[in-house]
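Letters A, B, C and D mark the chains as written, and numbering starts fresh at 1 in each.
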Amino acid sequence: MEPILGKGAVASYIPALASANPKSFALVLTTLDGTVYKSGDADTPFSAQSISKLFMLTLALEALGSRLWKRVGREPSGNAFNSISQLEYECGIPRNPFINAGALAVTDAVISSAGDHGALDDMLTLVRKASGSSRVRIDPEVAQSEREWGHRNISLGHFMKSFEVIDNDVDQVLNTYFCQCALEMTAIELSRAGLYLANGGSDPISGAKITQPGRATRINALMMTCGHYDMSGDFAFRVGLPGKSGVGGGILCIIPGIGSLCAWSPPLNEAGNSLAGTRALELFARRTGMNVFRN
Amino acid sequence: MEPILGKGAVASYIPALASANPKSFALVLTTLDGTVYKSGDADTPFSAQSISKLFMLTLALEALGSRLWKRVGREPSGNAFNSISQLEYECGIPRNPFINAGALAVTDAVISSAGDHGALDDMLTLVRKASGSSRVRIDPEVAQSEREWGHRNISLGHFMKSFEVIDNDVDQVLNTYFCQCALEMTAIELSRAGLYLANGGSDPISGAKITQPGRATRINALMMTCGHYDMSGDFAFRVGLPGKSGVGGGILCIIPGIGSLCAWSPPLNEAGNSLAGTRALELFARRTGMNVFRN
Amino acid sequence: MEPILGKGAVASYIPALASANPKSFALVLTTLDGTVYKSGDADTPFSAQSISKLFMLTLALEALGSRLWKRVGREPSGNAFNSISQLEYECGIPRNPFINAGALAVTDAVISSAGDHGALDDMLTLVRKASGSSRVRIDPEVAQSEREWGHRNISLGHFMKSFEVIDNDVDQVLNTYFCQCALEMTAIELSRAGLYLANGGSDPISGAKITQPGRATRINALMMTCGHYDMSGDFAFRVGLPGKSGVGGGILCIIPGIGSLCAWSPPLNEAGNSLAGTRALELFARRTGMNVFRN
Amino acid sequence: MEPILGKGAVASYIPALASANPKSFALVLTTLDGTVYKSGDADTPFSAQSISKLFMLTLALEALGSRLWKRVGREPSGNAFNSISQLEYECGIPRNPFINAGALAVTDAVISSAGDHGALDDMLTLVRKASGSSRVRIDPEVAQSEREWGHRNISLGHFMKSFEVIDNDVDQVLNTYFCQCALEMTAIELSRAGLYLANGGSDPISGAKITQPGRATRINALMMTCGHYDMSGDFAFRVGLPGKSGVGGGILCIIPGIGSLCAWSPPLNEAGNSLAGTRALELFARRTGMNVFRN
């Protein structure tokens, strides 16, 4: 791993991420029986960023069921995570829940259905339950930085609003989105939090039912085809596991029926996915044979 | 199934396909031990069309290895199978081997490396070996029809040639491509021919090694992310198996470690994939639990 | 004219415009000697909308000279007035000063150079001087409506800010833009206000120098190639005069060396230009021979 | 002029053009009374290339009248001369007659209406009549080179045929197009041949009526908005005269009511228009005041 560690570029679009240590690295596997296999900086909290889209998607599917797919597609976009062109050709309907525009549509849906405590509280409740950790939090400094430097996302939000694809107040949707991106977790917590997706929607340790089995399966499918922006095909090709990356350098992978795997290394490749994290997962999959496309 | 059978529209871009019986249907599973589970018109030959891209890709990977990926990408396109716009923005490099432009690049590569008998013979040899059937043939009438009505593909070929992405004479590449699309097989033959991809590259019955294990895994990954044009995400979401469709109405699915599945029904959905075939595979996957994203 | 009057659709994206009388019509020619030839509702104030872009462009050229062209291009866009896709491909640099994105870049430049009274005051001062009318005003109700329903423009502004193409605070730029669109004038006032462009930059009546001769010539050129969004070619083809339209139904045309012509009729064609106004100008140009492309 | 002469790059897509002398230069003005003002290599034949599109357009308008506009638009494209993306979004209808796709549609229309001698003979007859020179010819070497290296144009032709926008055999249309591009004329001949467009459609010297007055006016309008590919706006801004460029380095400009102007210098700018030719025309227009946008 040494030659690749530190290569790539730490996300610099917001100051709060630019200061991440490029040498940080963690790889954590949690199996369905709760065993944790960890290496590196497994206990260091980092910014989950787009990995939070998984949890918001879980909430939106619980709230709307298949009606969600009228607001957002489930196809790879063939474009960058923050692209707006396709949105113009397709009348404001985002391609999938994992590009930024799609995540805004999902967050809008969760806001519409959230109870008194709001969408963000619902997400934190879900993540704390799934990860078994009450420490999980929204980093206020990152959230503020997202807001200050979020012109591209603000643009996406108002663009969708102009097509009436967003129901709620755009600023409310954007604020919730900026906060969800600031979700802060450790690799151990993220790895643990992914178990329900490897286990048909239920947490295998607490037994808590987080989503229906069919929805867990389908979220995994979406992670495979759309989880790594415009390098989703490459990730499937190299790693062969459903995964979702974040620009904080984290990647959460699901091994259906076996466990959940989190890699973390801040420097990113050109598509915004962790460079060393992707490589670590590729080696893991090759050496363990844990690849859904292998016999 | 009855309500969906016959819905959709049979491919009509060439006369030779437009005459297909919209009520034809087959579903065939062949397991690694050679057992065949069949229903419907399992013995009726039909035009494999784009499913042939799988076999050409196998040959190209054998010939070029990872150098193939300098000529063609491995990302979903987010566009129709015959789109040319993305090719313009991306300097003539097709997005993946399963859109038409990518298949032309793959065929060009196979032509460059083919021996005395030519790329088409190499493909027929591979398909006959993999399917265990010497009956498999190129339908000359379909090939001729493809050529006559192939303006869109001719356009793609010359477009790529203008970027010097095609090495060989464009007309030779196009002729080979039109012939490979005219590959005629039955659902039983196709199901049998997919076994090497479910078995790490080797035919489990004859023991013949057709490709390396890693390549079989990766072809499966490409089928999952790119195998159904601009509905690849939807297919992964519904079916959860690597698959490749053809406008003749066939779909070949791989169940790694278990077997290979072929559905056939000529009427297509808006993206050019068999409507009833997709639905049959969705029901099969749901009822059997054979879905790589399920625990 | 009768059969075409009332056809097309009054702009409805903001309530303040949707209530315009679809039967309103005016055609006013003011020649360089100050003679006014008028017909119809020549004294009725209406929303100048994008015609105000002409005056902001005049101010921006005075302030920046040719440096303006580093911030905005001068090519027809081949897209709708509010399109964002091209902006993405071209890194946030708008195609020309007359599409919405380009107008935002121009307004940003005027704000940067405006004195104590601000960009909007500068524009009002210029327009009052050019039109010889102190009545000209910003309609506060229209400005407020623009702001409330301005999601597409807000999106464009933040998009450009994300490329650092906008220097000032986005909200300030947008507020100024929403106000400038709410410029309210009569056809007589607009016709009079265009004289400086027909007269080498100087008002032929007061003698006031508004811009340099070369800049007047070039603004006319931009009106010809870009003044009617994605029907600029059609307007040049039919009318043959430099013109700028607004979604309030007004069109201002320049006849170099002769005079300035304003047509007004609220219902619009599919590209957002006055339907009857365009037709009136076409008939005027044909019958008078005032067409820069005619011998 | 000296510093700019020789800058830019001679067209190199075909060998027959790549050998042009980058120091060649001519500027010729012919006034309606037949007076010729010439400088430089005014008698040297060069490849007219896309300037020939003017003459084919004249023939197509004579043959089809306004029905031509069902086959091709009259809007600037906002894209390169050989772009195919817009054609895909717009179902095979080219944006205007001066981009390559549009010229193919025009040539197809001329072929459909041409008499016994064919479209190419019709064009040669028109050009010889308008230029008063029987020397004008198709350079067979250039035509052959166009054919050999014409993959991009072949692609455009088949693409349009796939949308059924081309009526005749694609190869026939392409062959005619490759030949028309190989039109060889001197700057004196081209300048003379443009007089009918400056004179309401009639040759002012021979009195021959070549097209109707309204059509001459409209061809001039199209030259202004679409005559220089994706730098048409820039040409209008700098020069202010209707013009049509060719990759052979020629530009033909019309001064309505006064005369016709031909500049020639082979090295091109990034959009494919003569660099020194554009600059010479800009200086000419500025110094003589011959600019349709000036008072």
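Miscellaneous remarks
The criterion applied here is as follows: a contact is a pair of C-beta atoms (placed from the backbone, for glycine too) under 8 Å apart; a residue touches a chain by one contact, two chains touch by 3 or more.
The UniProt protein names, listed by chain, are A, B, C, D = Glutaminase.
All values reported here derive from a predicted model rather than from experimental measurement.
Relative to chain B, the chain whose mean Cα position lies farthest away is C. Taking each chain's centre as the average of its CA atoms, chain C and chain D sit 32 Å apart. Between chain B and chain C, the centres computed from C-alpha atoms are 54 Å apart. Separation between the centroids of chain B and chain D, computed from CA atoms only, is 45 Å. Across the assembly, chain D contributes 89 as residues in contact with two or more other chains. Of all possible chain pairs, those that touch are A-B, A-C, B-D, C-D. Of all residues in chain B, only 83-85, 88-89, 151-152, 154-159, 161-162, 170 touch chain D in the complex they form. Chain B contributes residues 73-79, 86, 95-96, 198-200, 213, 216-218, 220-222, 224-226, 230-234, 236-237, 240, 242, 256-257, 291-295 to its touches with chain A in the complex.
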